[in-house]
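Chain IDs A, B, C and D follow the sequence of writing; residue 1 opens each chain.
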Amino acid sequence: MTTVASPETASAGDLVDLLERMWAIRAFEEKVSELYARGRIKGLLHLGIGQEGVAVGAAGQLRTDDLVFAGHRAHAHALAKGADPERLLAELAGRTTGYCAGKGGSMHISAPDVGFVTATGVVAGNIPLALGAAFAAVLRERDTVAVAFFGDGAGQTGAFHESLNIASLWNLPLLLVCENNGYAEFTPLSAHTKVERIGEYARTYGIPTATVDGNDVLAVGSAVAEGVLRARAGGGPTFVEALTYRLRGHYEGDPAKYRELAELAEWKAKDPILRFTAVLVERGALDPDGTRAAEIEREARDRVARASEGALAAPIPGPDDLLRHVYAGAPG
Amino acid sequence: MIDAIRGALDDALAADPAVCVLGEDVSVGGPFGATKDLVERYGEGRIRNTPISEGTVVGLAVGAALAGLRPVVEVMFVDFITLAMDQLVNHAAKLHYMSGGQLRVPLTIRVQGGAVGAMGAHHSQSLEAWFLHVPGLKVVAPSTPADARGLLLAAIRDDDPVVYLEHRGLYWNRGEVDGAAETRLGQAAIRRAGADVTIVAWSRMVATALEAAATLAGEGVEAEVIDARSLVPLDLETIVGSARRTGRLVVVHEAVERGGVGAEIAAAMSAALPGALQAPVGRVGAPFAPVPASAELEALYVPSVERIVEAVRRTVGTATAPVA
Amino acid sequence: MLPRLATSLLVQQLRTMIRIRRFEEALIRLAGEHDVGHFHVYIGQETTGVPALALLEEGDVSYTTHRNHGHLIARGVDPARMLAEILGKSTGTNKGKGGTLHLASTEHGFPTTSSSVGGPLPIAVGSGYALKERGLDRVSVCLFGDGALEEGAWHEAINIAAVWNLPVVFLCENNSLEALGQKANEYPSSTLAAQRLTDLVRPFKVDASAVDGSDVAAVHREMRRAVRRARSGKGPSFIETWTVRWPGSRPIWPQLVTGETDLAFGWDAARIPDAHADWFGRQDGLLRFLRELLAEQRITREEVLDIDRAARAEMAAAVRFALDSPYPAPEEALEDVFA
Amino acid sequence: MTATPTAGLTGVRQMSYAEALVLGLRRALESDERVRLMGQYFVGLTEHRKLVASLHEDFPGRIWFPPIAEIGYVGAGIGAAISGLRPIVDIATASFIFQAFSQVVNEAANIRYMTGGQTAVPVIFHVNHGIRGGGAAQHSHSPQAMMWNTPGLKVMLPSSPRDVHGLLRTALETEDPVFWADHVKLFDVVGPVAEEGWEPIPFGVADVKRSGSDVTIVATSFMVQRSLGAAEQLATEGISVEVIDPRTLVPFDLETILTSVHRTGRLVVVDECHRACGVGAEIAALVAEHAFDALRGPVRRVATLDVPIPFSPALEAFVEPTEAKICAAVRAATG
């Protein structure tokens, strides 16, 4: 995955590329949602439709050897980091050709070949892992960055606090990207903490912190670019809090009645893809009548449709696969 | 033994730049001196003091292992691993499997435990049964300085997460250490040969079992004492082989008997040797209670020579014709 | 400066502090001859625990840590039963099952003592929750060291106390001052990235203050404010008290490296040995409080010596009681697992 | 051994496990004003969660929604129990207990003992355990073996609507911490429950769910249902199976099992924990120890294979104890 130049100096091609990446994720997740409704994919499924701006904005600033650790809502991060949609979809559908050969599923996807190390089903469970990867980078004298993506719910966990403390104390090249979508599972953040912005915690540990509009892919890119630069230069961790919104429930099947319709409508109007399309038109990177934009969407959907066919045609693992991979070395 | 552990760490650090040591107070030697002077030789980067954040420190080590290091984490007391259970059970043990074999977690977790020194219920436990119950973890528990060195080197070299259980009561025991030897994981050691009954033990209980064997020899009962030393992988072959010969088995551990590793060995043995056992598998473990603080209650809590002798006598005395 | 309290109450606090000091000194000597496990003493922190806990009333609960002896004595637990517990005797507060790390006395408001760093914090919050739900104007106090702030449990606990507005006082005894530059086998100082410990509290919107833990008036003032806030439904507070770690608490096992405290150091500086001039002359809160009482003529030297004699005699008797007490019967090891 | 005398009680109605569970919670809230629910996922994210929602309306202020901070709120439950409430703390998915492990095993379980009996911790920890279908390795745990290995906790594993309803009453009256695990697949199981009154089911009394003479199956939680299914199948093959549900692991009713094994001479233990050091290992070891001469063959264990739970439905079915595996074990036992 190539890094996108800084948003200020990005070429029209780079900008359109960002839009394509967001569409690739949106199309993927909508396809997955459809397959889930049809029973072709099982298990707990958490979609991040509406939050694509964060993953794409952030991943655009990362190199392939930068290591990403994400949470349970991680499809976008994996795809943005360059994961192959077909292998990812195959994993969600529990196929042998999936990234984890059917052993991980949606919450545990792993694509280390593109620097997406792992997702986790435990809220904040990935943050110490990313911390460790940052520590390894220092010890191995690499200029790579470790990135943890997590939601606002993680801010109330002990693991989050312990990790921030250590990242700051040890000056580690860690990028903490909080996708504050206002809800921890089914509960508004205000019922979980008196803290209004999760970034407030980071400041108490002396970590440089930026709060940005998470539905503005360029704003996310700028903040992350600064953090990456700092980390590579040995300047320690950075916290980026991206304010965003998930347009779906906590998981597929969640009717999300805990939200007001007006709130939902307001955020639909702030859809990061629609907004960025408008920006591109304004900047002259896209034609004003929407032809190219529609083409981008169609191409994304076509690619996902092909990926889906390929993934679902792949074999289902058998008993022989079961006992493999418990241990790396001799079985216990 | 503590010097053997320190020596193994020293050699592992010298041999492989990916090895690093993390834990509370490790750069000042740790509470028992296992990391003494290492910081002078390898620097504060590789001998890294951490805050008192067990959960995150174990998670950090998992992340570091994923990213190319071979961390050795010291959790000061095994009791405090309860604070790191999520990282251990949900991450360290599973990432290799969940990723379909893509990820590896070459991690060693050094913890010490055992009911020694009247430290009460939060600083005295033996918790190996929990770790055995978590597929993906390997578990070792040395009883001699030589094995302390050999198993630690093997654990560090292993590509899986290994829980390395030290017993505080053994730290100051002395014994021959072969500078080069690595003890292969999954290989038990026969500490004493005998034909009448097999006793399986590990960690501090090996010495207690040997004492019991000496007493029993005086009564004409020759006990074979097997030091399991590696609990995952477990060398069932050696244990089954011995039990097949003696027809009688007693498992001894310091951990709580109920739900302990002894239950697993007993259950596995009954299935592996149908009809060959002449008596039920005897189990000697701690009673179903937290560890008491009083030195006197503690002494009663820990399995004693007498309790092992009695269990063996019961096993030998209840001999009947083999069951169908 | 002294808190604005009746002389009798101030003298009572001094007496409690002296009793704690003599208790811990007696314990260190006793531990030389008997296996009591790893223990921790409260020497040097008496001026925090005594005035703070003096503000608690019947029904208020308190949770403490491995460094708990001073707190229990401050709330009236019998030192003889404490020493018996530390020696594992059947007459101990916990019938020999807790030991020094887990000394507890329900009737004195110490339901259980955890020696897991950070362990008691969520539990104290839960007690606060129960007291509030039961409509009582009682307080749950959690005493802990600066190291606990490194634990995730701390963050989870204070967040819940804040968002549920619970009657909890977080009293953090920061005894790591001047403990920097520790050598092998000495305790390190706290390893926290925050500039000040109170910074960690600010995001939670919890009332936070930091005071000199050897200043009885300051501790009294902040604790009284915190307890009043809690009783009147205004939610949790955080107080950090700074104390210098007693030199005898720097080794892993406490040692009487300064010798016993001679209370005459409080009025006769010339007697203070040069080797411990900083400690006895400046840092020891007990002597500072004594000097303040003498300066305001709230007490005489003779009265101090009388209190001291009584305290020494009490502790000598406590040691005898503990030594003479029987060990629990073996089968008691199996009792108290379940109700 | 106890019978299931629901016939004599008035107002017996067929209801789902989830309904019986929530009815139990309702009665707990009604009968004891000290009861507080901390958490809300007692029946997981199933359709039945609407039943829990009705409790919110009827008992305002007595159901609390903690942050995602398991150490924090589980510890808070312990403290609340110490200070006079009767909290029922919902840890939801059993896998999350590992986040709160130190509070459950180091604090709650030890407090009575450490304090020499001074302090009681009457808290109930509730989890939804087991292989749920697609839960993969971090949402499928059955931690009861670890809880059984922890002196100080009582362990309750209901397997039927009547049992969850009745055991909950006993749990509520227990002065010790209770670990209560419901299998996620039990919620739809339907059975008779007395709607009026609140019939307690004592701890430490096993229930013979089906009588038989050839083989004894000891099963827990959802595995009781699977074993009953297997017994039905085996009956058509002429094998008479007795199915015993201990219902609680602590206290544990070994007597009922030994009595049965003395009659049948064969034992199969079915439990969803991982095999190594699982609940089945302890039961197998205990029975082998106490009924050595009565056993006509080795105790067979049907347990979850010792691998993390894989995501793929195909793999999942292979690792978990199924009716087919239970049948195979019984056939092997009867040789």
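Heads up, the rule we're going with is that a residue touches a chain if its C-beta (ideal position, glycine included) is under 8 Å from a C-beta of that chain, and two chains touch if they have at least 3 such contacts.
Because the structure is a prediction, the values reported are computed rather than measured.
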{"item": "Selected pair, greater C-beta contact count between B-C and A-B", "value": "A-B"}
{"item": "Furthest chain, CA centroid comparison against chain D", "value": "C"}
{"item": "Whole-Å gap separating chain A and chain B, where each centre is the average of the chain's CA atoms", "value": "40"}
{"item": "Chain centre separation in whole Å, for chain C relative to chain B (CA means)", "value": "37"}
{"item": "Intercentroid distance (Cα basis), chain D paired with chain B, Å", "value": "30"}
{"item": "Separation of mean Cα positions, chain D and chain C [Å, integer]", "value": "42"}
{"item": "Contacts with two or more other chains, residues of chain C listed in rising order", "value": "85, 92, 94, 96-98, 102, 114, 116, 119, 150-153, 155-156, 159, 163, 191-192, 337"}
{"item": "Shared-contact residues (touching 2 or more other chains) in chain B", "value": "50-51, 53, 55-56, 79-80, 82-83, 86, 90, 94, 97-98, 120-122, 135-136, 232, 287-290, 292-293"}
{"item": "Chain D residues counted as touching two or more neighbouring chains", "value": "67, 69, 71-72, 95-96, 99, 102, 106, 113-114, 136-138, 151-152, 306-308, 310-311"}
{"item": "Contact graph of the chains (line, ring, star, complete, other)", "value": "complete"}
{"item": "Touching residues on chain B, where the partner in the complex is chain A", "value": "18, 20, 45-46, 48, 50-51, 53, 55-69, 71, 86-87, 90-91, 94-106, 135-136, 138, 158-160, 185-186, 232-234"}
{"item": "Contact set on chain B toward chain C in their complex", "value": "25, 28-29, 31, 36, 49-53, 55-56, 79-80, 82-83, 117-123, 287-290, 292-298, 300-301"}
{"item": "Chain C residues within the chain A interface of the complex", "value": "150-156, 159, 162-163, 191-195, 199-200, 202-205"}
{"item": "For the chain B and chain D complex, residues of the former touching the latter", "value": "79-80, 82-83, 85-86, 88-90, 93-94, 97-98, 120-122, 129-130, 132-136, 232, 255-256, 258-264, 266-268, 270-271, 274, 279-283, 287-290, 292-293, 318, 320, 323-324"}
{"item": "Complex contacts: residues of chain A adjacent to chain B", "value": "67, 69, 98-104, 108, 110, 112, 117-118, 120-122, 125, 127-140, 146, 158-159, 162-163, 165-166, 169-170, 324-332"}
